[in-house]
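Consider the two complexes below, in which chain A is the common component and chain B and chain C are the respective partners.
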Partner chain A sequence: MTDTGLFRSAGLRFAVVYAVLLAASAAALALFLWWATAGLLDRQTEAAIRADAQGLSERWTEGGLPGLIVTIEDRLTQNIDDDAIYLLVGPGMQRLAGNLERWPGSISDAGPWYELPVRRAGMRSLARVQSYDLPGGYHLLIGRDVQVRAQLRTLLTDALLWALVIVGGMATAGALVVRGLFRSTLANVSATAGAIAAGDFTQRVKLSGRGDEFDQLAEVINEMLDRIGRLMDGVRQVSNSIAHDLRTPITRARTRLEDALLHADTPCTLRAAIERATMDLDGIVAVFQALLRIAEIEAGSRRSAFARLDAAPLLESVAELYGAVAEERGVTLAANLPAVLPGYGDGALIQQAVANLVDNAVKFSPAGGTVRLDAAATPLGLRIIVADNGPGIPALERGKATERFYRGEAARSTPGSGLGLALVQAVAQLHGGELALEDNRPGLRAIMALPTPDNQDA
Partner chain B sequence: MRILVVEDDKDVAGFVVRGLREAGHVVEHKDNGRDGLFMAASETFDAMILDRMLPGGIDGLRILETLRGQKNAVPVLILSALAEVDERVKGLKAGGDDYLTKPFAFAELLSRVEALARRGKAEGPVTKLVVDDLELDLLSRQVKRAGQKIDLQPREFRLLEYLMRHAGQVVTRTMLLEGVWDYHFDPQTNVIDVHVSRLRQKVDKPFGSPLIHTARNAGYMLRAEPM
Partner chain C sequence: MTTRMPQRRVPVGLLRAALCLGFILVVAPGPVTGQTAVEVTTDTPEYCLHLLDMVSTMVRQAEQPPPREITDLSSEGQRMCDHGQTRGGIMRLRKALALMQRSGD
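And then the complex of A and B:
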């Protein structure tokens, strides 16, 4: 486990990859250069020797041994570069023509290329030769002096090796630079994350402004942080609201109990006080349940219950349930529903949301008023409208009306927890839709739009 | 009726056991999962009240699954603080017959347990419900009282049917919402009271003696004798 620490660094990994890639491409380039220069020289030499052999073999066929000897002498005198090497020997290996003193001992077979040191005109040199067997036991050796070329090749090899060493150095330096860049780019993100982990939620990842991949990553991280921030604000708001709005009924229940403990002098008053306190506690439990249900809906876990549905019977049931209540209050509940309302979502939640809207509308309608429940299946999805002609919500407060525990001026005197519209809003959002509150002149018109997605794979 | 209560919270258990005994039931109580399962499997009960989170390594759902695995069909009411819809579904899937979340009103618990125990002894399909001089024919969907025909809306019919099926028992508003309307949430307004009051207008008012009674702080009860 000692060396894993090094390779756990992504920066180092990237640096190593960079260095290896650079070295590999440099090596490939060097190989190609070698092949194109030193290799070309070798190939030219071999081609020249082959052409010579071809010519001499024709001479042998036309003029026999004397013709060949003459031709070799001619070629030697005409060779301006003085690099040609010929040697013709008889069956006893005695020299007949050519510029080598004797047949090199290391050459036995005809065919393969030999590169060997030779001595000619008293000078040591390097030659590349090939031997040919002629009829009648004669042997012919054709070659070129490659001393100069060998020096050139050595020079080239040295240069390329040095180049590789330099490339290696540059690769290492480059790798260090890459690692440094990588670290400094990430340092920004990790510093922000560290600060947030330590509790400073105002920090955001700085953008370089280049719009590159790191900026995109930073933007995604910042968006995520914003969303978490909003959720945390929501939680904070809810817990504050709980602290405020539940303190009142809890205080009331506690006061009743304590008052009964201290002052109730008959079993009858004691019993009444306990009963009232129990009712207060039931109210608190109901608020808790509503809060939990909203939280559950907002968490999106209920989306698993989504399916295609016909909302018409659900809404009819709500209209029927509240019809009696409305009648009792002298309010007309006019439901205008089509026979079929195809939609997509969680039927129980949609029903509860509509029930909350109708509940509100009936509650706030004056006697003699009318509550309308309209619904339509549009190409965009379900549109459910609940309208009343009660006091409505002032335009300035409509945005706040869907917050938890919001209670309008008109609602102060009516029972309710201030959670009804928050639940409707949560249901609409769970379905990817929205809840719009409008002025019904007079009254409130709540429009719940629940889109039907194109690909309902559930 | 003989009822087994498996609940580890001493206060809740004491309250439930006392209440059930006062209501005239024979009650056994166990405060952990192991003893609860042993007793439920070895003796016969009319109903069982089961907490979900229990000490002793065996929780409520395990007990339920084990009992159902042994073809034990004792009616079980799950009593739990786990109130989310998913938890409720889990409890019913494991074989629970009803699910009541804590905190609860004792009247609600009693009504539901008695309804469950009664259901466990259903004596074949019924075609006609009779309470005193009130008759409800499930086939012709007709209601008569003292030989006089009463016209009811479909929902009123179902409401009366539910009350008559549980005649002599308290049914709570929540039970009516679930059983008649299939609503699993509490509407803020007391809608049920309005519907019961309309039903009374038709079933009780013209006939002098009321059959539908209000059980204080609990719900309603349909029976011949006054409360």
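And then the complex of A and C:
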């Protein structure tokens, strides 16, 4: 992998982020520990020196130079902790009181804190001191021996250092593990995508079984692939159906035109052949129009025309239209419709879907049969039922009945394109509802349920 | 009181110095003075004798004999100073002085 590729690696970025966060957290913890231990000791020392300085300042104000000298000597005498450092010098830096042999040359300014090396009983030690300027050119140095605290700070520093080294190692190891997990997970998805791109649509992303976020992602991807597969199968099936169903009328039209071209001996015969061929071609156009209509409905573009409506007059219109057709066939169309059927959706589409259902029912009902059209407004929405006494659809084929170009065995001998129920299904789905096909014992009962959302504005 | 620190390896020393520097910048600001150590004069045998004289003077001036604890501390401090354990002896003599002052109060 090139340098550029290395920096583009998301796995590496995740690993680096993990390592940096862990190291930063450890550093922050170490800093806090330092502040709460060694820092606390330093702050206590400084507070003691400030309090000492305040007391000596008061003695200077009350007793002047002699009083200050006595106080310093007293405090040295009473310093059981053996850590006090004092030095009072005059304007010529001559030593007046205290336990330092001379004023340190490196301490010139009053105010800052100094780390002063001192020698105690022949041993080197360390003191933390602060200088104060007194009136008259006098200078006072106050401090504490912090050698023990410095050693403690050294030990603490060592411990924190080793802790940081260990954390650094753990961060590195953890980063490598994170990177490995990330790469292995993505490798699974990548391999599946590669196989599908190569044409093997049966491949799916493997699940680890842990049910974690990666498994959820894999499930979503697999569901997406399944849906794509179903859509591809549908497209393939529709393509095949179009080719199969249209071949016959196109061939028939061609044959009639060819026959007329060869054998028609009068204009009248030729006109009749052309009219029959035109009718065949009109049937083909009607099939394409129906396909385009279904595609338009499935695209959802008609949803913008949804509004509150009263479906009762729409269904009455359908019943009236098909009542005459049914009568011609010797079938009774019984409509049981309430006066008002409040609903929500596209009235024209709903009317067309119901018309398709009634048309099918009338077409497949035997003479003397009855087609029932019932509708009701329920709390869940519109419920429209069309039932007939025809041959019905076998239970095993009902699932396929709403596919495009489906033609059951009983429908082979009747005219039709096999797109009626597909359109009804598309209309139901567009409205968020569903189409159910049931056995009417005998016959078929089609139930179209169209929900009415409570919060939809008219 | 001193504690001899164990020998450190160079890399650890360098890392420790770097870490110390970082911490010092945060929690312990302040310059470190030059390397010439200044002698502390209260760790010397002379100061030990000075404290012993103070204890003796206070014992003599006291109206009542001092408690045994004070005499023990004084004797122990004197003995440690005589044997070169100056800082230990001074510490005990300071305690003896503090107890004398407390009993006088």
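The rule is simple: the second predicted complex is superposed on the first by the 312 of 458 C-alpha atoms of A that agree within 3 Å, B and C clash if a C-alpha of one lies under 4 Å from a C-alpha of the other, contacts with A are read in each partner's own complex, and residues count from 1 in each chain.
Heads up, the rule we're going with is that contacts are C-beta pairs under 8 Å (C-beta built on N, C-alpha and C of every residue); 3 or more make two chains touch, one makes a residue touch a chain.
This one's a predicted model, so the numbers in the text were calculated from it and none came from an experiment.
Undergrad: Determine, under the contact definition given at the top, whether A:321 touches first (chain B), second (chain C), both, or neither.
TA: first
Undergrad: Please work out whether A:31 is in contact with chain B alone, chain C alone, both, or neither, and reply first, second, both or neither.
TA: second
Undergrad: Just to be sure I read the superposition right, which of the two partners does A:292 touch: chain B = first, chain C = second, or both, or neither?
TA: Touch status of A:292: first partner only.
Undergrad: Among the partners chain B and chain C, which is in contact with a greater number of residues of chain A?
TA: Greater contact footprint in residues on chain A: C.
Undergrad: Scan A:112 for contacts with chain B and chain C and give back first, second, both or neither.
TA: So A:112 only meets chain C here.
Undergrad: So which bits of chain A does chain B touch that chain C touches too?
TA: none
Undergrad: For the complex, give me every residue of chain B touching chain A.
TA: 83-86, 101, 103, 105, 155, 181, 183-189, 191, 194-195, 197-198, 217
Undergrad: Along chain C, where are the residues that touch chain A in the complex?
TA: These residues of chain C touch chain A: 1-3, 5, 12, 15-16, 19-20, 23, 26-44, 47, 51, 54, 86-87, 90-91, 94-95, 97-98, 101.
Undergrad: Given the complex with chain C, which residues does chain A contribute to the contact?
TA: 31, 34-35, 38-39, 42, 76-80, 82, 85, 98-102, 104-107, 112-121, 123-125, 128, 147-148, 151, 153-154, 157-158, 160-161, 164-165
Undergrad: Which part of chain A faces chain B closely enough to touch in the complex?
TA: Against chain B, chain A makes touches at 275, 281-282, 285-286, 289, 292-293, 296, 301-302, 317, 320-322, 324-325, 328, 348, 351-352, 355-356, 359, 362-363, 415-417, 420.
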